[in-house]
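Letters A, B, C, D, E and F mark the chains in the order given here, with residues in each chain numbered from 1 onward.
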Amino acid sequence: MTDFSRLDGRAVDEMRPVRITRGFTSNPAGSVLVEFGNTRVMCTASVEEGVPRFKKDSGEGWLTAEYAMLPSATHERMARESMKGKVKGRTHEISRLVGRSLRAAVDLSQLGENTIQLDCDVLQADGGTRTASITGAYVALADAITVLKERGVVPGEPLLAPVAAVSAGIIDGHVCLDLPYEEDSRAEVDLNVVMQEGGNFVEIQGTGEHGLFGREQLGQMLDVAQQGCEELIAAQKAALGW
Amino acid sequence: MTDFSRLDGRAVDEMRPVRITRGFTSNPAGSVLVEFGNTRVMCTASVEEGVPRFKKDSGEGWLTAEYAMLPSATHERMARESMKGKVKGRTHEISRLVGRSLRAAVDLSQLGENTIQLDCDVLQADGGTRTASITGAYVALADAITVLKERGVVPGEPLLAPVAAVSAGIIDGHVCLDLPYEEDSRAEVDLNVVMQEGGNFVEIQGTGEHGLFGREQLGQMLDVAQQGCEELIAAQKAALGW
Amino acid sequence: MTDFSRLDGRAVDEMRPVRITRGFTSNPAGSVLVEFGNTRVMCTASVEEGVPRFKKDSGEGWLTAEYAMLPSATHERMARESMKGKVKGRTHEISRLVGRSLRAAVDLSQLGENTIQLDCDVLQADGGTRTASITGAYVALADAITVLKERGVVPGEPLLAPVAAVSAGIIDGHVCLDLPYEEDSRAEVDLNVVMQEGGNFVEIQGTGEHGLFGREQLGQMLDVAQQGCEELIAAQKAALGW
Amino acid sequence: MTDFSRLDGRAVDEMRPVRITRGFTSNPAGSVLVEFGNTRVMCTASVEEGVPRFKKDSGEGWLTAEYAMLPSATHERMARESMKGKVKGRTHEISRLVGRSLRAAVDLSQLGENTIQLDCDVLQADGGTRTASITGAYVALADAITVLKERGVVPGEPLLAPVAAVSAGIIDGHVCLDLPYEEDSRAEVDLNVVMQEGGNFVEIQGTGEHGLFGREQLGQMLDVAQQGCEELIAAQKAALGW
Amino acid sequence: MTDFSRLDGRAVDEMRPVRITRGFTSNPAGSVLVEFGNTRVMCTASVEEGVPRFKKDSGEGWLTAEYAMLPSATHERMARESMKGKVKGRTHEISRLVGRSLRAAVDLSQLGENTIQLDCDVLQADGGTRTASITGAYVALADAITVLKERGVVPGEPLLAPVAAVSAGIIDGHVCLDLPYEEDSRAEVDLNVVMQEGGNFVEIQGTGEHGLFGREQLGQMLDVAQQGCEELIAAQKAALGW
Amino acid sequence: MTDFSRLDGRAVDEMRPVRITRGFTSNPAGSVLVEFGNTRVMCTASVEEGVPRFKKDSGEGWLTAEYAMLPSATHERMARESMKGKVKGRTHEISRLVGRSLRAAVDLSQLGENTIQLDCDVLQADGGTRTASITGAYVALADAITVLKERGVVPGEPLLAPVAAVSAGIIDGHVCLDLPYEEDSRAEVDLNVVMQEGGNFVEIQGTGEHGLFGREQLGQMLDVAQQGCEELIAAQKAALGW
């Protein structure tokens, strides 16, 4: 009916190839390289004893996350935030999203007074870096908790069901799943969905900077995103050998 | 059936009293005090000739926004960001949201190479400061564009249909509209909806930090939010004498 | 004799209309909107238990102040200091002046180990923002101390006699009281006087950037400033119902 | 009549020994070491072609000043402002005072579009660092203007009559001139006076942090300060060989 | 004679396994993963048209470098410099070293007015990160210059002979080559040598924080370092297919 | 044989006139003005009780150093680092070098839990500021330790043998000692040597930004530097009256 086709030949509801490599580096308790097509993010989970002040003596743990791009990750090199002495609003925003999303995957009351620090460093960016970060961070988190339990540091069972994230968008009026940079930059609408195994939402963020969207389009984007998240959760579980 | 009731006695789908005062201060081109119950935000629209570098020679204008809290706006005084030399992630995130939302209310190609700077300064915070900011900023924007047109600076008709925003959430399992601070801090799910007149979405952000949410609950929250936005748009138009 | 007249028709020794509104916002212990003509400043007094390190275990309290302009307060919008990551010298200078002036209105030894934080945020600037800040801050301070005493936090009677401030200047050779922006920017000499009830000085700052001044002119400026401060102190007392 | 005596044996209206050494370093156009007793400040005047943006194409020059303390200048070492990434309010305030004071000593319209940058770096602090800075900076400024004129850069005669500064204060009820650190820290009232040759004021700043002051006391302090400034101006002229 | 042996069983003058992977990422003009044992650094070379101001209109190009550690690269996670708003002295020092070293490998007069930006981001740290960075950066630089020449941007032949770097040190009195973290942290003396093919030095830095060193020991360290650099240069050439 | 001669007429292996003035200022425990020709650095040693966190409860002391240039020290005035809010890489690098070098002159285990803070502030720069800083700092350190011992604060004998530093370089193929700015800026190779009495190295840093250097040239530079350091150590001992 319509002659719409994607540059990389995928179906509109098809994910890019997803790869999850555990043990990518050896110092952090959990270290994962996650790839959504050409997007590559190193996700690590480090553990510190103790919690921030607002959690002191709560008997609970804490989890926080930082997201960043290497300066050479993008097509045009970006200035290094440390050298400019300023973290961009976008970086803050994604760090906060990753933290909120992964806190939905951990029962802090089972963690003891420990802090898990997630770091998502983008080595190569081609769209979907925040959703890849969330998806990879869950696997790093799972590995870190295994380490903590082996060390006898964690009293309970803090790890909850898998959380994954994917983008959907509307391009030339077509709902598409998992947008690479080229599509993302010209999409009318961009939706990021964070979902837990079982199909409930942790977070949804839909933005129409080049166009508005109605309830029906939202529903269609949620449909493909839900399917994408299910595939990602299967990939997480396969990587973890579950 | 259930004995759920809100602290301030409102129905679950009822807005707090909304007041929009134009001409709140006299120096900016547009200056509005918007109140959602006890939340009070001063929204101003200032105009500068010229555009940022990435828009130079495009023939188009630009619109950007900054959101901030006065240190004494909250129950417990917060440290002043300028004195700490650091802008918080939350502040960046809301500034970016306000900017994106209001860019949906203006046709930049009709604005000439002018920049509209929105400032949303929260005088008193009681939940919903970001949605009040967006709602008030539209009115300040409308006034600023009138000024620009009177000065003969703007070549076209840049102002688009009204954009307003409201929060919805789930409290003890009940979908509620327009959450004050007390409700917001214990809501299972929090959804912010930015909508244009006519019922299409500019942006939706739903977060379940204390709980997940399914498609059905999302639908119910969108229903009350849509109704809230319609009331807000009516208030904007009344304030503008349209 | 001379045909000098002020733009707003005031006599040379006449204050602009002064308004002091208590309870302007509800979260801080004291919250006042002070207006000197078109200059409008929100002055709040917040209370924290404890004192800074250099006052620890002194048995005394502390009082400090921060002054700032909203970016849209001035005729031309000014960049937000938090976004630039730098507080201007002028801002520091006025914050320090407000703090010193109000410390003259409080007996720290009667305050217990509590800290009062004053915030003076200029909503609209038309000259005299520092003097309006000091004048309004006294009223906010008085209200905050009443709250502290009601809470049983304050052991003694820390509030001292009222402190107010006003500017005087020399314009085209004429000594004038309470300069608005238009006069301030072209005054030969500018004098700010902070005075306590009874007529003694807390602070005087006289600057002649566009001209020098002699002892006689200083005397004339002090005369009108003293009269202005007396009127302001009467207004403070009326606002406080004393 | 009273048994008041100063620690260093001076009369109440006696200056500490003043030394002004020209050519203290050789790179800047003007370089002066000024000593008020144990207070030692290196004052330099450097010249740059061109003016800041707000003076562009005005045909006039500009003069600005920066004041700073070396970390080891004070009895207790102070943290280096560059390492903390923050300039203190006190530093800003004095830099601005020095700049304003010395702009009264130069006719910017005779300077051509050149900028004179004054730097006052305190090598050793014992009270009166700001007044010594102003006094020394005039001599550095005079030398720099001579250099500029020799180079043929300056079209006119920008140097005006000498400007000097001194402190006075009230200690145990006694008006004293030129306070060292030990007196300054316990003075009831502290007054800094900047005066031009001829007896007119450039700036006066009187602060009563440990006590108030009346018109009569102000008069007495101005009397001794005027006498002190006259001695300093004589010292400046002697140093310059005038 | 002595029973000294290294933890990883290497001979004292033996390098760790070295791996150089070209095309590690695809956005920068040159992108290399370099590994010295467990130390892994991503070295990229990006190209921008134009040069910094101090090179404007010189007809020459410029090369600069930035070195950084990912927060999870080290055994104990380190705080992210961008979040602290401060770059550590060590980071600055190594960035400058890498820049100086690689400028010895390029003839700026043959580069045209282009800037090559090297980024060395440490993914995993186990000693020798600065020497691995230099060694890998040369290969990234070579690839970037090839790209520039293909694009016709570079007029001449800017690439000079290979530059590589290695560390040597004295451990328990024994001169050792290429120290991993465990050895580096307890070495009496640490020497970093940057050498060009042919055996001449670009830079040497020897530090004895836990001990001094004499001329003879310096000579022995230079001997093993020279041999190490020769092996590294062979590895660079093999990777480049030369 | 060759007609090479130095601008200031010195022999290639001749130091500039060296002057070391103790008691330059009176507040710090040690205060020294060191001069290498026209290079003048104020070196102070201040003492604080207690040690940084990483040394807490070690029973040992700590020593750290900060180096800085006054803005008017150089031929062209340099912007003040405190005002830019950024410390340059070069400044960090030299501060770290001075700290490492002087830690070789002190036995921290004999110091008690005290911290010695060295400050090297360059009043006038003409090449060799880092080597003059190290040389002068040793004398300030010696004086500070004497003060500490007199106060009974230091339990042992922390001061070790003198440490001094000097530069050598290759200019037009000639090895020269102690380069002033004019030579330094055009030297093919620049070597800084920090040496302890007795002839062992604390640190060597050799850089060939405008040329490479071989083992033989390195040997020649080390020869003249060693001789220079011996002369400097003699000057330190003479200044200290040893």
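The definition used in the following text is that a contact is a pair of C-beta atoms (placed from the backbone, for glycine too) under 8 Å apart; a residue touches a chain by one contact, two chains touch by 3 or more.
By chain, UniProt protein names: A, B, C, D, E, F = Ribonuclease PH.
Everything numeric in this text was worked out from a predicted model, so none of it was measured.
Touch-path distance (fewest steps) from subunit D (Ribonuclease PH) to subunit F (Ribonuclease PH) is 1. Chains making contact with subunit A (Ribonuclease PH) as well as with subunit F (Ribonuclease PH): E. Centres computed as Cα averages put subunit C (Ribonuclease PH) at a distance of 27 Å from subunit D (Ribonuclease PH). Averaged C-alpha coordinates give centres for subunit B (Ribonuclease PH) and subunit F (Ribonuclease PH) that are 59 Å from one another. Note on chain placement: the centre of subunit D (Ribonuclease PH) and the centre of subunit E (Ribonuclease PH) lie 51 Å apart, centres being C-alpha means. Touching two or more other chains at once are residues 85-86 of subunit A (Ribonuclease PH). Read around the assembly ring beginning with subunit C (Ribonuclease PH) and moving next to subunit D (Ribonuclease PH), the chains appear as C, D, F, E, A, B.
Residues 88-90, 92-93, 95-96, 100, 103-104, 196, 199-209, 212-215, 218, 222 of subunit A (Ribonuclease PH) are the ones touching subunit B (Ribonuclease PH) in the complex. Those residues of subunit E (Ribonuclease PH) whose C-beta lies close enough to touch subunit A (Ribonuclease PH) in the complex are 25-28, 31, 38, 40, 42, 44, 46, 48, 66, 68, 70-75, 77, 80-83, 85-87, 91, 117, 119, 121, 123-125.
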